[in-house]
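Below: one structure, written as structure tokens.
As written, the chains take the letters A, B, C and D, and residue 1 is the first residue of each chain.
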């Protein structure tokens, strides 16, 4: 039987667990060691460490201290791994914790985190998604259910000191270009809420002050929030330190491309069963700077879509130059307007785009001045016919159910 | 037998053909009329009207006058179509012209058009792709062949005067923010090379001076370059003028997401067999601003991929804020470096990403400050094993064959 | 431009064409020659050589002389091919003749051909299917349309004398076990209607008397009626004679597994674009007795099905031992009963199973005494919702349209 | 948290468990009751109740008493279910028991069970397959690994008395046609090893003497061994008795179409998470005689295949009339010969066809006298390139590892 090398107790704070950390730093000691060829299980908290609850209020989404995230399990040391290697990780399976068969999705208040559509949904909202075996549905978003595309939002190896310094310099300089922006441009190191695994005392204090925040994806992978890094996939990670130091967390039961709701996908506590091996010197052999991966052979295959186009003219009519971010936002807003015609509130429609396995494609990036992006909405996840017809849309929902909203205080 | 309503003669100039136009303007007369429920065939020139030749020199790519593009077939009037309707177009089939079973792909000189990777490939290059039934391969890019995902790069309905004015104002104002930029920020109206279908004399001169260029995708669809708008798909277009005025051109035998090579996909002359119908008042019924579509049930299904990640830190280490364009560029550059390890030149690798059915996904757009984009490279299109392994890459190509390059004069 | 090596004129009889034959015999002269690596086009008659017409009577289905089929184009000689080689055939593309964009499907009278469900549909019936680009629908079977899975029902190489003798002995002996059976057990050589390509005189008379009928699939492939041998697939054929002698015909626009309607799939005249190469000595190298093939990367991907089970207890309650034929018949009959609840006549339902890309799986063949077979009916080909629900089926069809029937005279 | 209504202890005999039974009889008391809309978990033994062990000897496969199988969990009563209803079962998830992460596959001796290829593999052999998350591989069959297509081999509702009598009469009469055949034609009731759930005393004795054996699939479904009845699928079962009485067992981690190895698929102990609902009067509404189902949206999608053809001329040259069983056997034998060229033993090749998600299609059933069947072997499950090439096969295996064999005593 496969060993569970890291266990988490959801009734306790993640900060009490020495095998959990919430910053990136090369000095964080390995939580445990494995050999190439080993397979093992790591349990994880949800990314907020249990702050968001299974209830019908969005107060927790509004009030969360975002300096505390993400609580990661690891780092796992891999014997023989050296800088320049590729660490090959097979995600053999991933699941929810049996005592926590639900997840949450929400939008942060614009004043506390914001998100992709924060100008349209500026206040905290939340939906709870229950897991029924391989499927999920929400009491706050009726009429939709789908199979999970279960994946870690965040996975990667420890940076070395040089990489860490690069990150901190790059992001600090960037913040300095507009330091008062709300939401902020980036998240600088913040010692007060840093949890550095087994570290204590001065060493911890020093590392906490330097430790990179876990929010952005970076060269090592990290918080990529790639929905297709799902159970069954095989990932090749750059190694920067001896032993590699693989950490994982922020598990998602499902997510749409872009994780546009930011808080987040369908966020859950769970476990990851993985196997590791090495390609010695693989970074140079294959010219690898960022991780590469091969997708899983076993994913939900919804293949009938309605596809929404967006171009890089924003919702105020402003022209942007080949801006895929703006174009994708328009495609998402177009899909939300469409879904409202069937009776969904804007928030519910937004939540579907953030949680269901929607695809976001970079469709055209050269036809000046407009980028074109497409949002692919799977039709087979709906309990009713969502296709356009000559007769026009039939309202499936009567508006009696909506997502909890917690206005800013 | 289905009627071919518009025919093109590839031995003649498109400007001699009254059923061809290369600008968007509501006054362009309908080239022909159909009824809802009709199916019919339109032949098309390649987007350059035959300027690029099937040879081994990139001089034509370097020297092309880009104010001449795109040569479109139409507009087709649909009886009963009124502003506010949705024109439903079934792309029943698409093919190359039997007397022209080849296509071209290339990169424009940075001084004449540029493109997504123009800083990395600043000079004109070209590859020729031959069609073998449903498949294509190139004498300039060995080791790769794939089934065509045949689609029109450009399709849409005529704008009304109000929409046209909006476009011209928006883009003219945008150009004014950096009028001397190379490549330009956008393409303003340009009468000298305008071909306005049947229009002549003063009416033509006036419309030519106002006609929107065909380069960018806009509210009506237009030059979206969406590879998945392929034969078999069903598109719902906003209608702005009586009769709709549907035009199509810029056919592609295949293309990767983003059409990153700009010149372009695998560009070809050909024909489109389509059927039209109407959803009366459909724009309001479904809240439609941009076209929506349903993908084809019959497309190449390569499902094994190597996926490359990119983040919005550019190739010079510069941080960008959730910039998917930058992130996708990094993913593409990462893929090019990888392919070079198997013996491809950078240009060949770039050409593969522009022509093969690669996917570009918007993977994460909320994890400040880094967007994450992924480039999905299908492995099954290669004649050799392109997967990473512990043994390292084996060079499949010896470098003896490369793509023609024509330095700027 | 690819050469069309064999042309057919649909206004003339196939027996006037020297590049057509309707028997298998090693002495049939090559109609033309190609080299390994060549690609070329062969035109074909429909399998009946034009006997079945695009009209609303099934008289032709009832009255056909089945000794005349199948009219094949070929044989094509491949230079260098020798007995024991594998002839690799890439089906680059297949299509209908532009002057014949329709096909037929029907059931033979039990007295003249019969078929899989002949006891349930003992009289001649016919449906005509029109082609709309890549799609088809029938004026005799409303409510259903689908993309074509275009393939040759019949393709293979000439037998040598030894193989031909084996076939004739085997089948003649088999007929002798029940010579008066209706329908017959097998089809013996029959000189009167044999068309032997270029052969004339005594040589022709001798070969016609010996030539194997084209009805059954045999060791060389032949009339396999495998729907997945579709355009884009790659086939490896055993070679028995110098030059291989590849012939092809009996093109189908679409077919369900089993070709249960026998007359047949959606039968059409058309053309095949193919490429040939050789694996020298491949039969021994790979232990090949029957052809093997790799499926096309570009086929219709309907992936939502209703699946019907059948076991080897027949419709009269009779037990059969692990008989997959009986089990599949039950699954088909079950599907027909189901479809009738939506308003289809039994004949229409039967026709759908014979023409649409239904799958027939051998699900269990060891659980004595019952085999289990499944019939997979794609739901996405219907214009209405065919799924079961608590509310029960809604009749979509009012019975006003049915398939032409021609009672036995 | 979902209730586990039936638990099994793998260290104990299934005959000690009152919620387990191994015969079909209407008098078997419900093991537990649920309501429509409920979801719940049932644990199951492997079909042999733990007789086959995880070791390197096939003695247990040789010596098993096949009158003891299959050990089923249930029957589960569903409140409100009545004869004529359809019981809708959603298989929400299925897995192996955490304390038993392995399965077995084997061939029975021809003298004790036999199987599809028993004349070619007449002696008992066994392979053990270990589960690594969603994947499996075997120490006895190197070079192959694949994702599980996890499904119950056996699931269905209790028959009523009339149905039970029909089965017994039908099969008893069938056995009488050749009572001494080895293997037997069918399995008659056999009281000695019957386990009738909670039944005791005379009632049990009577029911045991009448209870139908679980081996064949029948009208109610039962032992269909349909690989696509996998986790995520939705099944519609005929109801014959009040409360329906749903039982399930014989879980498979993976299986090929046909379950040609008979002992069996990859057989395992495990659990099924399911949800039930009702379509009142559904059998008549939809004309249902046997179960129907919809496949899962989440299954392994290996889509590159080598496809082997077989016709109904058997391995001795004997002609059979449209016999799909014979044709599929030839296709399987052809695949085994092919695999041997890469170094597999015949037994290993046979085991791959029985365990991996190979497809078996009924390709042609009308072309007298030959049926045509195809065996689809997925190429992506192999660690090496299994495709044919001009260079010929490369032996990947050196023959040092083979499957345990236990000759008849």
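FYI, contacts are C-beta pairs under 8 Å (C-beta built on N, C-alpha and C of every residue); 3 or more make two chains touch, one makes a residue touch a chain.
These numbers were taken from a predicted model, which means no experiment stands behind them.
Novice: Using the contact definition given at the top, which chains are in touch with both subunit A and subunit B?
Specialist: Shared contacts of subunit A and subunit B: C, D.
Novice: What is the chain whose Cα centroid lies farthest from the Cα centroid of subunit C?
Specialist: If we average the C-alpha coordinates per chain, A ends up farthest from subunit C.
Novice: Rounded to the nearest whole Å, what is the centre-to-centre distance of subunit B and subunit C, using the mean of the C-alpha atoms as each centre?
Specialist: The answer is 40 Å.
Novice: Hey, how far is the Cα centre of subunit B from the one of subunit D, in Å?
Specialist: For subunit B versus subunit D, the centre distance works out to 51 Å.
Novice: Report the inter-chain centroid distance for subunit C and subunit D in whole angstrom, where each centroid is the mean of the CA atoms.
Specialist: 32
Novice: Going by the touch rule set out above, which residues of subunit A reach two or more other chains?
Specialist: Subunit A, residues with two or more chain partners: 301, 304, 380.
Novice: Which subunit A residues qualify as touching subunit D in the complex?
Specialist: On the subunit A side, the touching residues are 1-2, 39, 91-93, 98-99, 101, 132-135, 146-147, 231-232, 273, 275, 296-302, 380.
Novice: Taking the complex as given, what residues does subunit D use to touch subunit B?
Specialist: Going through subunit D, the ones touching subunit B are 301, 303-304, 380, 385.
Novice: Would you tell me which residues of subunit D are touching subunit C in their complex?
Specialist: Touching subunit C: residues 86, 115-116, 166, 170-171, 173-174, 183-187, 215-219, 221, 223-228, 236, 257-262, 264, 277-282, 285-295, 304-311, 313, 317, 319, 321-325, 328, 330-331, 334, 337-338, 340-341, 359-374, 376, 387-390, 392-393 of subunit D.
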